[in-house]
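In the two assemblies presented below, chain A is common to both, partnered first by chain B and then by chain C.
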Partner chain A sequence: MIGLSLLAPCLLAPCLGLGLPLAAINWHSVLFLLFAVLACGFAVAVVLADNVVRMALYLVLSLGALAGLFFLAGADFVGAMQLMIYVGGTLVLLVFGVMLTAQAQFVSMKTAVGDRILATIVGAALLGVLLLAAFAVPEWRQPGAGIVPEPTATPLGLAMVGVRVDEPPLGAPEGRRAGYLLPFEIVSVHLLVVLVAAAYLARAKRRKTPRAIEVAASVEPPESVAEHAAIGRTAAAGGSQQDGTVVSGRSASVLVGGGS
Partner chain B sequence: MMPLFGDGGLPLFGLLGGLFTQPVGVAHYLVVGAILFVSGVACMAVKRNALGVLMGIELVLNGANVNFVAFSSPYLAADGSRSLGLDGQAIAIFVIVLAAAEAAVALAITLNFYNNHATVDIDRADDLKG
Partner chain C sequence: MAEFLINSVGLPEWLAWTVTALVAAVLILNVIAGGALVFIWAERKIAARIQDRLGPTRTGGRFGWLQSLADGLKLLSKEDLMPDGADGMLFRLAPYVSFCASFCAFIALPFAFDFIGCRLNVGVFFVVAVLGLEVFGVILAGYASASKWSLFGAMREAAQVVSYEVPLGMCVVVPVMLAGSMDMVTIAEKQAGWFPNWYLFHDPFTFVIFWVYITCAVASVNRAPFDLAEAESELVAGFHTEYSGLRWSYFFMAEYGSMFLVSALAAILFLGGWNGPIPVAKLLGLSEGTGDTAGYFVRLLGMFNLLGKATLGVLVMMWVRWTLPRLRIDQVMTTCLKYCTPIAAVMFAGVMLWQLFLPGGLSRGGLFGRPAGEVREGWLEGPGGRAASPGGTAAGPRVQQEAEGVAQVNP
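Up next, the complex of A and B:
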């Protein structure tokens, strides 16, 4: 609230400075400007930040502002999905990933200066091409007709089960239009398979066959192996000899991975 | 020839000048989408943390989503031009769902990599290098 009350004069100041009467201001456009600046600013902040926790925070804010842009474009259902799935689901997943891997040396990883310069050049070139394309079509440059959009939850939901009740867009050919039943089913099964696969990939592994690097790492001077095996036995709390060997191989590989 | 510097000065400045009084058009949203897309590509290119690369992918997908929503909006379409209608929003929802699936699998792969190598530095993921 304090932020909003501070922001409103900042947004009003240019209008009044330009000599615009208050009634001439298009508040939809002002809100668009607010959300667009927030979304783009935080997106650039994601790139510029080195700390991965801050990057996650900026990404949350950027995608939240993007949901505001969706609402302003009349896509209320998509905006709500953006808030629920992205901000509420995907980013929580990402933040968990950040927390699970947040050792001190990985929280802030610097990029080489040469890489930064190269990325800036390539990014600026790509942005130039995209802006040229965005302004290439005269129809896109004109201000919108301002047709107030209808709520889209019911037409979208019915389209997902194959029934179209929405008005065809202006100038579209007449006739029956297809719904989205088959894509909906494909995406559902896809999501199910992918989540099962993700749970399979990320499961906690108790035993595993030692890989080549671990076999190589476990062939060490005997006292080192005995030491790792002792560590492994305390961790495994009296497991069999085979368990101890596997765990010692794993801890040795971790040491190799951390040291190389 | 160059639409960015075409008739009546820079359209970018023309867009910004009328922003307080005129309704926004499709091009405004395209600019936002372009900035998000480029930020995501730069993020994917420069970040050494695997999770940073994932965040770049999210930004790229959202940049594409902005364009889908902009082209589907009847509010933004100019007089006499047609919008995508509801199709664009349906595609945007599919993109969101697939992005969630992709994030889940990519995060699982990252955690697996972290368990095996004790690092999330993608420069160290060179086991398959010949």
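Up next, the complex of A and C:
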């Protein structure tokens, strides 16, 4: 029931979030505080936990609360993106965490005291800089700043294909404003290149002689090897969308061994 | 509803919003829980008929109507076991994570025009994103159980779901592209009218991609023939080997909830949403958008349409489950990476070309033609009476020309 009570606010947030600019502002503040506390609390829990799966769980909860904050601010596209990319990405991270560290049940990872102190110093310094920067902007200190009362996905999407429909900021020079078609395309092509390269690197190395392939294919891979082969291939799929090659049990285990 | 509570009942605003959210949440919860009861009974009956048996016949009359309720009572009274070596917190938490993910996706699902928990501008995206989180509970369960079978099942599920998200995403993008919106209400509205207006019959490519979507949807909710995670002949029961009682039933509520959800998503994206095959209401001269009683009943009819289509989808999944044998894990991966993904990619390109070269085909606008212009026009002349901003573009002359030509906004 603890889990349910923790997650219930996350569930209701999208419902409430969009209606909120119309509703009382203090309700908004309450939810904002709730999500902020959840996000920060679970972020601290990630650092303090000593089990890799628990860390991943806390990370997911923290990122989920952050998505709730985005929904609360009316940025539903960014919120959904947050869920898709960060929370989904943590999932893959978790799989690797379990695969690569599970030599025994529930390994607990202890951090050395020196590392803790160093990490605290670095983290505190970064937090200080961020806080200073955040409080230095006067516009952000008004109550209700940053709440977008209307959907943001349409202007974002149109700006991506080069048509700007959002209001220009006050004091901006008159005239045409640039859309983001070119940067968007450049980033897309860049990502495509990365995907192809990852698929190339992760592909199964084919043997020189056809005979060897036949032999390898005729050996029925044992259960666990097939299991790892599948996961190894998913690993490739996670990083590179698809690798598109069938690997036999033997070469797959080589692939996984090389990868880890 | 919140406006009604504020204006007519006189509740303070914060209370009205809370009550609205609670009512929506409870209704969605009932759809999942009630749906699970009915579907479990249906699954038993269908499985029995396919295997030439009778299925439940005694509990609650001739057809065993109350069988699921009896099962529920049994699960309630069952002892809640936890293995000694298990990670207690994660073990207890996992079923709720699964269930919450399934529940959360329902929030953005429209049951009819205006019958929606929360109308999100990026509804399709949200649902697909949240649905992918269900596997998180499964991984937690598998890991926390401290059992090899559970861990194997969980890892299989992770491998499977993460891979199948790729072709699933490609299939979902196609109706989004055709409708020019990620809002599920808009997508369904664009398919209003007679059934040839459905995106399933839009062009040959969408017809093919619908079946790819169904395959990927079955795989992503972890149903046979893709139920590797709980392959009972190999892994005892997979990720839920160590679960019993109520916690176990949460996993099943989540599973049936997700089945219903992907079926409803298929109905909205490809099968016209709440628009029936014959536009009865329109022929009678009624509109679903009006606020009076007639409009309400039209929307109610639409809801039954959608629920009927979604239920049909779930029944097809059951039919498939009891007909096809389970695939091996390498076959599952082959299906995804060597068949579904390339087919989806080719069909996606095909739909795109169709929209470019036959934009007037079946009387619809093209990708770079009307929809973008309509969207822009609607945006500029929105309900708030937004003034036309100086619309400039750095894009190619074509987009600029189209946008200006259609929207007729002075640069």
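The rule we apply is simple: the second predicted complex is superposed on the first by the 146 of 260 C-alpha atoms of A that agree within 3 Å, B and C clash if a C-alpha of one lies under 4 Å from a C-alpha of the other, contacts with A are read in each partner's own complex, and residues count from 1 in each chain.
Everything that follows uses one rule, which is that a contact is a pair of C-beta atoms (placed from the backbone, for glycine too) under 8 Å apart; a residue touches a chain by one contact, two chains touch by 3 or more.
Predicted model, so just to flag it, every value in this text is computed and none were measured.
With both structures placed on the common chain, the touch criterion links A:L181 to chain C but leaves chain B unconnected. By the touch criterion defined above, A:A36 lies against chain B but remains apart from chain C after alignment on the C-alpha atoms of chain A. Once chain A of one complex is fitted onto chain A of the other, the partner contacts of A:L191 are limited to chain B, with no touch recorded for chain C. In the superposition on chain A, A:Y86 makes contact with chain B only, not with chain C. Contacts of A:A136 after superposition on the shared chain: chain B is touched, whereas chain C is not. Counting the residues of chain A that each partner touches, chain B and chain C differ, and the larger count belongs to B.
In the superposition on chain A, contact of A:V98 is made with both chain B and chain C.
Residue overlap on chain A between the chain B contacts of one complex and the chain C contacts of the other covers 14-15, 18, 20, 24, 26, 77, 81, 91, 94, 98, 106, 152, 155, 164, 166-168, 180.
Per the touch definition, chain C reaches chain A in the complex via residues 2, 12-14, 16-17, 20-21, 24-25, 85, 87, 89-90, 92-93, 96-97, 100, 103-104, 107-108, 117-122, 125-126, 128-130, 132-133, 135-136, 139-140, 143-144, 146, 151-152, 155-156, 158-160, 162-163, 165-166, 182, 234, 328-330, 332-334, 337-338, 341, 372, 375-376, 379-380, 382, 384, 386, 389-396, 399-400, 403, 411. Every residue of chain A that touches chain C in the complex is listed here, in rising order: 2-4, 7, 10-12, 14-20, 22-24, 26-27, 51, 53-54, 57, 60, 76-77, 79-81, 83-84, 87-88, 91-92, 94-95, 98-99, 102, 105-106, 150-155, 158, 161-168, 174-182, 223, 226-227, 229-231, 233-234, 237-238, 241-244, 246. Per the touch definition, chain A reaches chain B in the complex via residues 14-15, 18, 20, 24-26, 28-30, 32-33, 36, 39-40, 43-44, 46-47, 52, 55-56, 59, 62-63, 66, 69-70, 73-75, 77-78, 81-82, 85-86, 89-91, 93-94, 96-98, 100-101, 106, 109-111, 115-116, 119-120, 122-123, 126-127, 130-136, 139-149, 152, 155-156, 159-160, 164, 166-172, 180, 183, 187, 190-191, 194-195, 197-199, 201-202, 205, 253-254, 257-258. The touching residues of chain B, when paired with chain A in their complex, are 2-4, 6, 11-12, 15, 18-32, 34-43, 45-49, 51-52, 54-56, 58-59, 62, 65-66, 69-70, 72-86, 89-90, 92-94, 96-105, 107-112, 114-121, 124.
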